[in-house]
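Note that chain A is present in both complexes that follow, paired respectively with chain B and with chain C.
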Partner chain A sequence: MRKYFTVFAIDWQNQFIYRLNFILWRFRNVLRVLMTYYLWISIFSSQTSVFGYTKEQMIAYLLLALFISSLVTSSPSNDNVGGEVSNGTLNNFLVKPIGYLRYWFTRDLSSKLINIIFAVGEISLLYIIFRPSLYVSPNLISLLLLVSAVIIYFLLGKLAISIVFWAPENTWGFMFTILVLMEMFTGLIFPLDLLPHWAFSTLQFTPFPYLIYFPLASIIGKPVDLRILLQSFVWMGILYYLLKKVWAKGLKTYSASGI
Partner chain B sequence: MKIFKVTLRYFINSLEQNISGPTVFLLFFTSKLLRYALFMSFLYYLGTGVKLIGGYTWEQMLFFYLIFILIDTIVQMFFREVYRFRSLVVTGGFDMVLAKPFPPLVRCLLGGPDFIDLGVLVILSIVIIYFTSVYIHPSLSQTLSFFLMLSNAFIVATAFHILVLAIGILTLSVDHLVMVYRDLTALVRIPVDLFTEPVRSLITFVIPVGLMFTFPAKTLLGLLSPSLILFSFIFAICYLLFALKFWHFALRRYSSASS
Partner chain C sequence: MAVIEVKNLKKYYKVHQKEPGLSGSIKSLFHRKYYDVKAVDNVSFEIGEGELVGFIGPNGAGKTTTLKVLSGLLYPTSGFVTALGYTPWDRKPAYQKQFSLVMGQKNQLWWDLPAIESFILNKEIYEVPDAQYKKTLDGLVELLDVKDILKVQVRKLSLGQRMKMELIASLIHSPKILFLDEPTIGLDVVMQKKMRDFIKSYNKKYNATIILTSHYMDDVKELCQRVVIIDKGKLIFDGALDEIIKKYADHKLITVVFGDEVKSQQLAKFGQIKEFEYPKAVISVKRSEAPKIAARILEDFTVEDVNIEEPQIEDIIREVFTGKDFA
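Our next item is the complex of A and B:
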């Protein structure tokens, strides 16, 4: 376990080397929220309630979505694992007493910590500007859903990237497909319960709403029961099992051809 | 003539590269179509619960988004090489570009177009023509003005990408810059009028993504005055001249970082 703490500490320091890059990355996150914010503000300019949401509830939702996406989706492993497998750098890890996926999960956690710190600052600033009535009531279920979301995101990303073992040229294309689905179905742009009931129910059979929507809904006091938490854990289990199987199979075919 | 011939060779090489990986081609193609279809479905669904969005009907909102995709796709298709520019500079590969008897700016802008977007463009054009004929009914002068504003958008886009290249030379540590541009453009998936001041003026005249994406659509809808059309042209040309000056300024400060 100590070696992973060291990885965490080194990665934490590394992130301060490319400061401008990091600031731009955070700026990009704020930009993404701005489009959604202005779209919803325009919608509420002609009516007080849309699909059951008031203006204040929607703005609060968007601000917290920024926070949760900072926690869940900041994952440098998604940008690096594919490249390391295809160019053979994975060899360096296979001969060391360290779990490759655990190593990257640790680095992801370090990235998440710094992103959360900045997200808190950004949200405070946006809060001062927009002054929404922010009602937050986190509980144990919210916390567990958040932890589960972080793990599901990691597992899902690595599962998609695992294609690199068989078709390295398709890795980014496959990941792009997953990212497109995440963009719409995680609840980052709009609360998923705006959708018709059948669509919302169908989405629960995918891992996407457990990434942002359900943790967020739970934090803002919407009814999110134990069943949802259980479903989230089931997805975590399914993805863990699949990743373990696929990664093991991938390692058997791995030939470090990039070296 | 030489520039044209070499650029054509770059295009042919890129096309051959694109079609040599049909799976990647198909993955990106379907993912992009899916992304556009999902966002359009979202706007359409909003239209079922909201009569007007910032004074626009859902048909107009959809039209703004279609024109956004059209311009964004064409610009991305031609200027894809800009996304690879940073690695060229930090590895010293840019020295090789400078040493060749071919304008480095043309090489860095048009040296690697991405024809995966060509398929999207064909489908998109059909959708836009259908949508325009059913919902918009523009006059001949509106149509002509639209094409003028479309070419104006490409002038601004070219200037933008030149600026990104120039900043890439001056600040080697930035690899998110072109993605910041992408996120800025993503703001105007909705009409620029939906933003409040000072954001609206900022994204119309300082970072003129509004001028690039919203103005052509407004022209076809007959919502843009001739004086604003004229102003847009003068602005775009000044912007391009400024970008070219800045490019030469940056080139003089290039110091072959890694070779």
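Our next item is the complex of A and C:
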């Protein structure tokens, strides 16, 4: 366990090297919120409520979405694992007594922490500017949903990346597709309950809404019950099992071909 | 007792063959032709504790593949391998804590941080106690003379400095077995020498078992009492360096500096002329006849200098690899 704390600490230091990069990445996040904000403002200029959301609720939703996506989707492992497998850096880890995926999960956590700190600052700033009426009522379910979301996101990303073991050249496009799908269906851009009922209930059978929408809905006091939490855990379990199987198979292929 | 035991190790790769050009690419989407590459083909050897063994062979001979199997990175196609009583590809932490694989062209250091941070991380990964870590690190820093650059960002170090740091990072857990893949690659002559001195003293000081692969014969000549030659996946020689000479070189080289004009035809009867540029000639002769021939040359010509030598080990090995027959 201690080794992973050290990984966390060293990654934390490493992040400060890329200050400019980081600031630009945060800037992109704020920009995205502003864009969606003005989009919704213009929608609300002709009506006072859209699918049951008032203007204030919508703004509150988007601000929180920014915060939660900082927590859930900041995941440098998604950008690095594929490359490390295809160029053989993975070898450095396979000869050492350390778990490669755990190592990257730890680095992701380190990145999440720094992102949350910044997100709190940004949200405070946006809050001061727009003064939305934020109503939040987080409970234990929200917290567990968040933890589950972080883990599901990690597992999903690594599962997509695993294709690198069989097609070292093709990961990027695959990863990109998955990420775009995620953005659409996680609830980052709009609250998913705006969708027609059939679409919304279909989405529940995918892992995506458990990443942002459900934790967020639970925080802003929408009725999110234990059934949703259970489904989130089920997804976590399924993905964990799948990743374990696929990764072991991938490593076997990797070790057979040797990079 | 053998620390490493390898019996009938085989490692075949399936490689797909692509025809050139775009049409070849499209064809390869639907139908791929595979063929086997025999990277390691039925190799057996044993290595005892504290031995320093050199693996030599041309590119693609199977040296690195063998090291990768021994470090658990590759599953063999068939054969039996054990190191310190473990099967390498089980990747048991208990085994991993006792060896280190250093590849000259790969790096494990955190590029943007000072090397010392990577050392600390390795200390934790290998669960080295604080006191032992301090002692080992101090020893290595002293031995490699890198005290001043421990806190410099790795990206700002020169290649030689970085290689030293890589070595330290690989040795923090005081491994009993060291696999060094091209440890001197890309280094200048002075650094190569330093690296060799270091490997030698590490071997002596810790009684560490070391296997190294190298393209530089100097590495092997200076470091290894025992040499394993691999070519096209097959082990073709395993023994002391001088035995290579005995086994493969049944000839000696006579170098003569003449005082008077001599024609190459006059020399051809003594043996094979390797080099002739008046006044110097190098003639390869049968080992047993060397003294006799030298005497005859001295008798027949005006000679300023004569020298009988063993052929260069590089030459012997090169000729072994190019398949030249010595018998």
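FYI, the second predicted complex is superposed on the first by the 254 of 259 C-alpha atoms of A that agree within 3 Å, B and C clash if a C-alpha of one lies under 4 Å from a C-alpha of the other, contacts with A are read in each partner's own complex, and residues count from 1 in each chain.
What we mean here is this: a residue touches a chain if its C-beta (ideal position, glycine included) is under 8 Å from a C-beta of that chain, and two chains touch if they have at least 3 such contacts.
As the structure is a prediction and not an experimental result, all values here were calculated from the model.
Engineer: Based on the superposed arrangement around chain A, label chain B with chain C as either clash or fit.
Structural biologist: Verdict on chain A: chain B and chain C fit.
Engineer: Taking the superposition on A as described, I'd like to know which of chain B and chain C A:137 touches: first, second, both or neither.
Structural biologist: In the superposition, A:137 contacts neither chain B nor chain C.
Engineer: What is the contact status of A:38 with respect to chain B (first) and chain C (second): first, second, both, or neither?
Structural biologist: The answer is first: A:38 touches chain B but not chain C.
Engineer: Between chain B (first) and chain C (second), which does A:10 come into contact with in this model arrangement: first, second, both, or neither?
Structural biologist: In the superposition, A:10 contacts chain C only.
Engineer: According to the stated criteria, A:202 is in contact with first (chain B), second (chain C), both, or neither; which is it?
Structural biologist: Touch status of A:202: no partner.
Engineer: Tell me which partner A:98 touches in the superposition: chain B (first), chain C (second), both or neither.
Structural biologist: The second partner, chain C, only.
Engineer: Name the contact category of A:88: first (chain B only), second (chain C only), both, or neither.
Structural biologist: A:88 sits against chain C, while chain B stays out of touch.
Engineer: Which partner, chain B or chain C, is in contact with more residues of chain A?
Structural biologist: Higher number of touched chain A residues: B.
Engineer: With both complexes placed on chain A, how many Å separate the closest C-alpha atoms of chain B and chain C?
Structural biologist: Between chain B and chain C, the minimum C-alpha distance equals 6 Å.
Engineer: Can you pull the chain A residues that chain B and chain C both touch?
Structural biologist: 18
Engineer: Provide the residue numbers of chain A that touch chain C in the complex, in ascending order.
Structural biologist: 2-3, 5-7, 10, 13-14, 17-18, 88-89, 91-92, 94-98, 252, 255-258
Engineer: Would you mind writing out the residues of chain C in touch with chain A in their complex?
Structural biologist: Within the complex, chain C contacts chain A at residues 13-14, 65, 68, 71-75, 89, 91, 93, 96-97, 99-101, 103, 106, 108, 110, 112-113, 117-118, 120-122, 124-127.
Engineer: Quick check: in the complex, which residue numbers of chain A touch chain B?
Structural biologist: Checking each residue of chain A against chain B gives 18, 20-21, 24-25, 27-28, 31-32, 34-35, 38-39, 41-43, 45-47, 50-51, 167, 169-170, 172-174, 176-177, 180-181, 183-184, 189-190, 194-195.
Engineer: Please name which positions on chain B make contact with chain A in the complex.
Structural biologist: It is residues 21, 23-24, 27-28, 30-32, 34-35, 38-39, 42, 45-46, 49-54, 171, 173-177, 179-180, 183-184, 186-190, 194-196, 199 of chain B that touch chain A.
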